[in-house]
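Let me give you the structure first, and then I'll get to my questions.
The first chain written gets the first letter, and so on, giving A, B, C, D and E; residue counts start at 1 in each chain.
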Amino acid sequence: MAQIELPLVANDPKDIEELREEVGPLVYMDLLENLLNHARSRSLWPLTFGLACCAIEMMAAGAARFDLDRIGAGVFRPSARQADVMILAGTISRKMAPAIKTLWDQMPSPKWAIAMGGCTIDGGPFKYPGQYAIVEGADKIVPVDVYVPGCPPRPEALFAALFKLEEKIRAGKKFKK
Amino acid sequence: MIADKLSSLLRDTTEVQYDARGFHVQYTASADTLPQIADAFLSENFHLEMITCQDRRENDDAFRLIYQFNQYGMPQRHVIHADIAPDATAPSIAATFPAADWYEREIFDMYGVSFDGHPDLKRILMEEDYFGHPLLKDFVDPPNPYRSEDDAS
Amino acid sequence: MKTDIVQLFENPYLALGVSIAIIMAYLSVNAIMLIWLERKLSARIQRRIGPQRGPFGLMQQIFDMGKLLSKELLTPEHANKLLYVIAPILVFAPVVALSSLFPITSTYIFHDFNIAIVLILAISGINVIGIFLAGWGSNNKYALLGAVRSVAQNISYEIPLILSVIPIVMITRTMSLYDITLAQETYPFILVQPIALIIFIISATAETNRAPFDIPEAESELVAGFHTEYSGMRFGLFFFAEYSNMIFACALATVLFLGGWRGPLLPDAVWFFIKVYALIVLMMWFRWTFPRLRFDQLMKFAWVVLVPLSLINLLITTLVLKIV
Amino acid sequence: MALIKEILDGTKTLLTGMKVTLDNFRKPPVTSQYPMEKIEMSEAFRNVIVLIEKEDIGSHDCIDCKLCERVCPSFCIYLDGERPEGLRRKRSTKFEVDFALCSDCGLCLDVCPTDTLGYSKVHDEAGYNRSDFLYDLLEPWADKEEAARERLKEIEAEQAAERARKAAARKAKKVRREK
Amino acid sequence: MNRFEVEQDPKSRDTYYLNMGPQHPSTHGVMRIKLHLDGERIISAEPIIGYGHRAHEKMAENRDYIQFLPNPSRVDYLGGMIYNVGYCQAVERAMDIEVPERAEYIRIVCNELNRISSHLLWLGTFLMDLGAFTPFLYAFDDREKILDILDRITGSRLTYCYARFGGVILDIDDVFLDNVSNFCTYFVERLKEYEKLVIGNVIFRERTIGVGIFAPDLAQKYAITGPCLRAMGHENDVRKDEPYGIYDRFDFDVPTQTEGDCFARTLVRMEEMRQSIRIIEQAVSDMPNGLFLAARVPRRIRPPEGDYYFCVESPRGSFGMYIASDGSDIPFRLKLRTPSFSHISAMPAVMASTMLADAVAILGSIDIVVPEIDR
């Protein structure tokens, strides 16, 4: 058996990456994992969940003109247990924040979150000195995968975000920001 | 007529220019006569359009409650100004106009003005455990995890 | 001239295994195709395009299945684990058990059973228990409400359903589905029993919890109804069961009223499926057109309209049979 | 009897509804297939602001007046500038917009004295990072900056000459009138 | 999913509490209604609001009048144009700013288009609450047509910031007017289709007739306005009673019904769309030429000291802006009087002793916009 010498300190991330390739996983699940990632990325069921203005654009994206169903994301599930992606559409008020956290915890993994609109990125137009009611950024509550700027973003931007999310899912662990 | 009924209750009546201001008559009343005023308006088929409040502690050392009554059909807006001292309570008119229930809760939430005789005076817009009254002029938001760190800049 | 496939095998267990395997395979493919059909059909009605992954969007269902299979199976903390787990199976099982009874062609059938209709009406009631357990076991008020609604609804609509089947049995004097199909040699029973067919379709739509009778899972009221707490493939099983129940109800209607496999030119099995899928398309068309009824109106409709109507129909049938 | 009439009437309305859906079934879809069909944005479409080219300068004409920074309700514009040697006007050296804060109100365009602000026509942006939307508006103009400054010097020289000429003319007029 | 409380009424074991929201498909956003239920029947309902609170009023006290311009359309994002124009008109009246004729006509056209789009969205979501999904998409499809028209001149689809003090920001062209008149002809036909699909439908009638009746005395008690009030028999419309802008020049009817139930509200709104089309047609044919933005607008917006109240007819009712000015750039107090707030506060009275499914229908029929309630 070939002996692999492990350096004691591997601070350089590049080293770790090389080492990983040398050692390799015990069981190769790559193919299955890739297939599943493909399936997951093309069947993103969003949670029926609108917070404010952007929710209307989210509904518009699901309606006939834009039709989220084309890319498999049109199955809006009202129950968090059956949803894959949480589209945070609109301003998150502080009163709502714990509820969103609960909803996020109720979703079964693998799960993703899209922050739609400026308010969910960092407070957007509602961020100003003296603001007392909103959460300045959805990533203070849930880990966000894709951000969509705009006030509100056009439905096309939501599509673009879903495509970006698909890319991210398909890349799996190899994904780098 | 509403004016006759109110004349004994009110201190100061000002007819205002409707075209410029959007309402017709402005009164100043003392806070404890509010329930009688509300009764008078109810009997004359007025509805309570809104209640709001101003934090005038800097100038007049008082909270000014503003009651606005209106009529269906021909609009006839009567605005009542009632000043109360910062630590005083105002009588609730929720028994006469149920619409006042939520407006009074909102004022309690935002300004900390308490209303005597309100059926269920609690916060309406902010969380129940929030402290501070946001619309006060000297309000400072307590530190919390939901605000960006770079907010200070 | 007819051959039971089951009798081709010497070992009865082997026969059972083979038939269940065939039926399961068929039902899975069918459910996937029906979901695809429903999505495409609704898209056209709503002037959309619908799924576009793969040719005609067919791959979309494969992706959805793959995703549901690989999803985390959550069990709510305070749920009754046993009930929670067996409920989806109970909903799905009756359809599998009963599908073997249908005479799809005139020559080969899985099994001809001389009291098939009684068996069908008895066993198809089991899925109500499944739904109720799902609602009860989830420990969620919405799920429980959905379950309670479902039980009340299914019990109410079972009666007009049965009452609309009885005239057929009276005319043919048999309960075997094969013999009922044979009896429709000259004309399908839709011509003599149109009211029974309408009552049957309405009741079947209610039994399968499809819109406009989908109050147990009414999205806008009860979030997702009895399957609110289900995730992953357990939810997928409910999905499967819904479409399997649909095809089951439509197949029964085909055999009882539309003459089963009978039809000119085309092979038997083709005719059978054409009729079944035509009924399914009709049910989907209902769903995408109508609002939902309210719970009490739904019950009222069953007891005030459907039950008297089917009784009158039964009475007339009896009188006609007596005279003729 | 009333019940039967009710049932029949009800059935009729249901059939009408089904006919409406059938009619729509026959019509073609209205969907615009986004990634394949790009939609052209209208002239007025509002997105993140950009600096637009002034033809005579060959570059933007941001003079770092800070009016937009001051009027912005969301405080999303960050400006900085310097006065290049030999120029009367200032040139901006930093023009950043945090689009995540922007509310597309267009107030900055209203106040811009040189009309060098416009809207970007990108309508489908999304990113993996919060910081992706901090746009540096000067970036596309960076390599043209030198040329633009030279050009501006000429323009300003012309303008100065023009002003001087006018002033001289005015003076002459004044002198004439005084006479 | 909804975190429901497990608290039980100690006196009775047969009733329970159900928590609708904050995330529930039929609360149209983030609102919570605590229902006390006996089986399917509602004993009492308590709306709990504030989940969409964004502190618009505090923002107004921290910025000047111009900087508050983007906010009103975000208070009620469905009637964004009407709120945006309304705010401008409020300040214009306080400052006595003259608005050119053409701008007034443009505002009317945009306002009424916006009203139709809001009513269409209401129709779609209301029917989705009742379980019919297809009309939702038809309504959205027609709404997209309006958005396309408005998008062409305003640059936004939803949260318009088109009006300015003294006019509008961009002039309209002939293409816009053509689009609008084409839409009007198309939409009149389309409304008939909606009526066939919706109003005639026996299931829809069963679900709405006699459901969610606003008792006649509720109007005065809770200050109900807008279509909900007109469905109760009051012929009351801010556009008629105290015409703002140039609404007094147009010929239109105020549709009323007397029953005050969900069906009456539906009929009123359907008819209102038709009346809006009438107003638009008149405005388009009379469209004058001229300036679209007043030439002389004061640089600093400083209304003279005093209180001002201005109300407009939003798609949901009478929306009022109370501005208290202390003579400076920044409003001393800006109170937004929103119609949905009054309507929601009347919900305990309306919802009591109805069915659970009716609660959903009632919520859908009064047409709430959550950030408008919470501001």
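We take it that a residue touches a chain if its C-beta (ideal position, glycine included) is under 8 Å from a C-beta of that chain, and two chains touch if they have at least 3 such contacts.
Owing to the predicted nature of the structure, the values given are computational and were not obtained by experimental measurement.
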Treat touching chains as neighbours and tell me the shortest step distance from chain A to chain C.
1
In contact with chain C as well as chain E, sorted by label, we have A, D
Work out per-chain C-alpha centres and flag the one nearest the whole-protein C-alpha centre.
E
Farthest chain (mean CA position) relative to chain D:
C
Would you mind pulling out the distance in Å between where the CA atoms of chain D average out and where those of chain E do?
29
Can you check how far apart chain A and chain E are, centre to centre, with Cα atoms defining each centre and the answer in Å?
33
Separation of mean Cα positions, chain D and chain C [Å, integer]:
57
Which residue numbers or ranges of chain C touch two or more of the other chains?
43, 45-49, 52, 219, 223, 228-229, 288-290
Residues of chain E that touch two or more other chains sit at 1, 24-25, 50, 53, 55, 58, 63, 70-71, 74, 134, 137-138, 141, 144, 159, 197, 201, 203, 374
Touching two or more other chains in chain B are residues 125-127, 134
Interchain contacts, given as pairs of chains that touch:
A-B, A-C, A-D, A-E, B-E, C-D, C-E, D-E
How about chain C: which of its residues touch chain E in the complex?
42, 45-48, 140-142, 145, 149, 211-212, 214-215, 218-221, 223, 228-229, 288-297
In the complex formed with chain A, which residues of chain D make contact?
29-35, 39, 47-48, 73-75, 98-104, 123-130, 132-133
Which residues of chain A touch chain E in the complex?
47-53, 55-57, 59-60, 63-65, 78-81, 90-91, 93, 95-96, 99, 102-103, 106, 125-126, 128-134, 151-152, 154
In the complex, chain A residues that touch chain D
64-67, 70, 118, 121-125, 127-128, 137, 139, 145-151, 154-157, 159-161, 163-164, 168, 177
Any idea which chain E residues touch chain C in the complex?
1-2, 4, 16, 18, 24-26, 40, 127-134, 137-138, 141, 197, 201, 203-204, 206-207, 355-358, 360, 364
